[in-house]
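In the two assemblies presented below, chain A is common to both, partnered first by chain B and then by chain C.
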Partner chain A sequence: MSKIYRELLTAYARAWVRFKGNLAIKTWVLWEIILPTIFMASVIYAYKNLNAPPIFIGFVVLGTVMMNFWYNVLWGMGDVLYWDKETGKMEAFLITGRSIYMLLMGMALGGMINTGLRSATLLLIGIYIFGAEFRLEAVPNATLIFLLTLASLYCMGIIFSSLHLVYGRKGIKMNEVMGIPISFLSGQFYPINVFPTAVQMVASLLPLTVGLDGVRRALIEGWGIWELSPHIILLTIMTIVFLQIGVRFMNRIIEMGRRDGRLILRWQ
Partner chain B sequence: MSSYAIETVDLTRVFRSKDRVTIALDKVNFRVRYGVIHGLLGPNGAGKTTLIRILSTLLLPTSGEAYVYGYDVVREASKVREVINLVSGEDRPGYGLLTTYDNLKYYGMLYGMKGGELEERIRELDELIGLREFMDKELSVLSTGMAKKYSLARGLINKPKILFLDEPTIGLDVENARAIRHLIKNLIEDGVIETILLTSHYMKEVEDLCDKVSIIDRGRIIAEGTVEELKNKVSDEVVYVIHVYSNGKGVDEVLNRLREIEAVSGVKKSATQATGEYVLRIVMEEEDITGILKILERSDLRIKRVDRDEASLEDVFLKLVGRGLDE
Partner chain C sequence: MAVRKWIWRGLAVIWLTYNEQANWTRLPIYIGYIFINPVFQIALYGYIYIAVAHISGLTDPASAFYMVSGVALYNFIGSGLYGVIWTIHSEREHYNTLKYSYLALPNLHLYLISRGLYHYLTGFITSLAMIILGYLLIGRGLPTPHWGWIYIPILLIIGVLWSANIGVMVAGISIYSAENGPIISEAIGGLLFLVGAVLYPPSTLPDWIEPIAYILPIYEWMELMRASIDPTYIPGDIHSLWTMLLIKSVAWILISIAYFRVVEKLALRSGMLEASLHH
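Let's turn to the complex of A and B:
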């Protein structure tokens, strides 16, 4: 069996665990579908009550869907890796000799599948119950932007994972600190052009903001590939940069791990 | 292939923090032959787990060398990982929401197994260890005994040649601990595993299981040999077991005074909290215990009974270190 195949099997195995573990929580429909739907509905009804243009329903639905992936990266990669370490799974994993990147890829894939199912359901609820309207012909362009956003988000996830391994429980606080401001800056429920230019520029450093804006422009306003090219270039650059930083961080953590025992040190 | 399954040369590991330098391993030299269960006996903090973590490539040594199956643990870590596995008694590595079967499947996949090959391996482990009863139970609901069996199965999933067992029966009741020991013994006798390095601070476990024992204390190997060879180190000593009553005050002070007696090689105490009864185990170079009795009579301790006992592995440790394994 080739080394590459064994590494890919590692990613598959971790994704399978993530997917199966999620379904094992019997109340997943409540947490994954019903509660986010109620939250999404409350914002939609607020806009409707204010007689906002129908376009805003689409904004809210897409914002809710994309935000799910962000939380999946925050909570699903860094935290999971941290708890793997705390419960002895990291030791058992490191002894297998498999690449930690394949473990992370598996976590990301498993998370993407879980979040994808949840997001698809929310999207359908948005379309069929709340009447969100999207341009079907823009789906390929929106998919391209969406995939690039996922790539850059999960590369960011490698950075979070390495920070979690270094800072331990403080990393969980970091998630809490980052959750709300990024939700605010990404324009989950509104277009970011409501912000002053300086805030818009800061917000544009986040892949979620760029991706969300691109998907909305494609699906709601019907922008073509040429008009979306700044989004595509920016997301591609972000993916490359985050990947470089993430790999550098993680390699350093792995080196420190064997030198100082950090990858197996518990309860820090 | 190297002459030894495990070999270390002046292996040293130092942990440095802001305000402290801890020498966890201090120029450890030891060898483990192929085909044996080798015990590493020592109190908590002696360096057992650090040694196992270096040998299993999880931690780098500060200096010195270590070889597992002939491979250097620093330069050939990936080759070492192909022939080893580690079972830590304090953990149940796996996913609580998944069943025993699913967890074994996961770890099997990490070792490149899949399909029929993986099914077959899990079936073999079931036959070997007896997992059927809880194969379909979630890991989070397994009893401690079941979890230990699962951990052992996980440690065998890749058919390792060398298995590291770190305190494999910690936290188990007598019956379950005996069952796990029986399983471990059979692993070598049935040829499932070539060599086992087992750490423990339970004398009984080491006496029952190990062909050879290394006693480690404060990062140094202080004695080595078979259980009988080690016991011979105290064959000329006399072991007294003295039951005393105390309100708890002054017991340690009395122990220190006993240790000052020239003929006393080592003293340890164990307590029965509910009754206030303490059992003092004293290893002596001579039979005369007049000096000991005098010290006890002058203290607040009330002597209940004085017995002589056979020398055990624990007394070897007492003689070499001067205190008990659990102190």
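Let's turn to the complex of A and C:
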């Protein structure tokens, strides 16, 4: 059995555990669809109350769908290694000698699939219950932007995972304050051109902002691949940069952890 | 003497909650931490109005006030509810301390409400900041003092009473469902956000959801709070709103006491207060 195959099997195994684990409690699956739907509905009714143009419904639906992935990166990837450490699974994994990046890749893939299924349901609810309208011919372009956004987001997740290993419980607090601020800065409910220029500039550093803007431009305004090229270039650069930073962080933290014996230290 | 004893116990529980919440960092960082989400929350929802005004040119200052005040007031209720409901989950599943807390204060209903008080306190401070920021965001200028503000403390106490008791009821469910405990707390928060006159009047909701808004006391509470904050806001018949708020609050408190008494007795009998299910 080649080394590459064995490493890929590691990623597959972690993805499988993640996928099955999230389906284990059926009520969770249901609630993970109902809860975002409640908040999505609240904002849609707020827009209706303001007599906003119907285009806003599409903004809200796409924003809610994409934000789901951000929450998965934070809670389904960022703090998982920390919890693995707390529950003793990290020790078991480390003695197998497999690459931690394959473990992270498995977590990302499993998380993407699970979140993807829930988000697809939300999208259907948005279309069939709330009447969101999208351009079907733009689906391939939107899919490309969407996949690039996921790549950059989950590479960011590697950075969060490594930070969580260092900061322990503080990392969880960090997650708690990275939901609503990112939701605002990424323009979850409206395009970011309503913000002052300085805020727009800060917001543009986030892959979610760029990705969400690209997906909206494609699905709502019908932008073609050429018009979307700045989004594609930016997201590709972000993916490469976040991957580089994430790998460096993780290598350094594992090295430090092995040296100081902190990789299996609990109750930090 | 008995009253004094209960006050001391309540203060001790608030102090415990503060330590549980803040012991991960230094005080200045913790203060920043409790303000970050509320500040961005008011920006997130306040910009809904700004976005509509920006893109379609439609302006409606009354709706803007409705939204920012609603989000700020919801923050107060939501923070407290979260504090009450999460106590069972965090103490039983994470820290394994619920049984010891019960030995120290053998009245779970009062203990849960006391644990929520700290969250109502931080919720009040952050909601105040949200109101000010919300006013500035929608270009209303800072609120000026007026006689209606004397009702605010009374309404806040009523708000704590009805919402904490609803929280206790939900916490009762959480005792029996460790895996769904955290989700239930978010679900009740979400329900109140949807039907609680937060971003829009309940009449905006579909006919089949609208009645839920009038079962809970949140609608009357929100309307009276808005009228107390801003005298130009006319919520309808003030007297009937007060009457309904008092009737519904008393009803929910009584239901909560009766329901939780049964839940507590059953939980003690079946050992659920010390059974950690590792969720």
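Note that the second predicted complex is superposed on the first by the 266 of 268 C-alpha atoms of A that agree within 3 Å, B and C clash if a C-alpha of one lies under 4 Å from a C-alpha of the other, contacts with A are read in each partner's own complex, and residues count from 1 in each chain.
Note that a residue touches a chain if its C-beta (ideal position, glycine included) is under 8 Å from a C-beta of that chain, and two chains touch if they have at least 3 such contacts.
Note that the structure is a prediction, hence the values are computed from the model and not measured.
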item: Touching partner for A:Ala52 - first (chain B), second (chain C), both, neither; value: second
item: First (chain B), second (chain C), both or neither touched by A:Tyr12; value: first
item: First, second, both or neither for A:Gly261, with chain B first and chain C second; value: first
item: Chain B versus chain C as contact partner of A:Arg98, first or second or both or neither; value: first
item: Touch count on chain A, higher of chain B and chain C; value: C
item: First (chain B), second (chain C), both or neither touched by A:Leu35; value: second
item: Touching partner for A:Val194 - first (chain B), second (chain C), both, neither; value: second
item: First (chain B), second (chain C), both or neither touched by A:Leu117; value: neither
item: Shared chain A surface residues [contacts with chain B and with chain C]; value: 25
item: Complex interface listing, chain A residues touching chain C; value: 25, 27-28, 31, 34-35, 38-39, 41-43, 45-53, 55-56, 169-170, 173, 176-177, 179-181, 183-184, 188-191, 193-195
item: Complex interface listing, chain A residues touching chain B; value: 1, 5-6, 9-10, 12-14, 16-17, 20-21, 24-25, 87-89, 91-98, 258-259, 261, 263-264
item: Contact set on chain B toward chain A in their complex; value: 15, 53, 56-60, 77-78, 81-82, 84-86, 88, 90-95, 97-98, 102, 106-107, 109-112, 114, 138, 154, 158
item: Residue numbers on chain C that touch chain A, as the complex places them; value: 24-25, 33, 36-37, 40-41, 43-45, 47-52, 54-56, 58, 60, 63, 67, 179-180, 183, 186-187, 190-191, 193-194, 198-201, 204-205
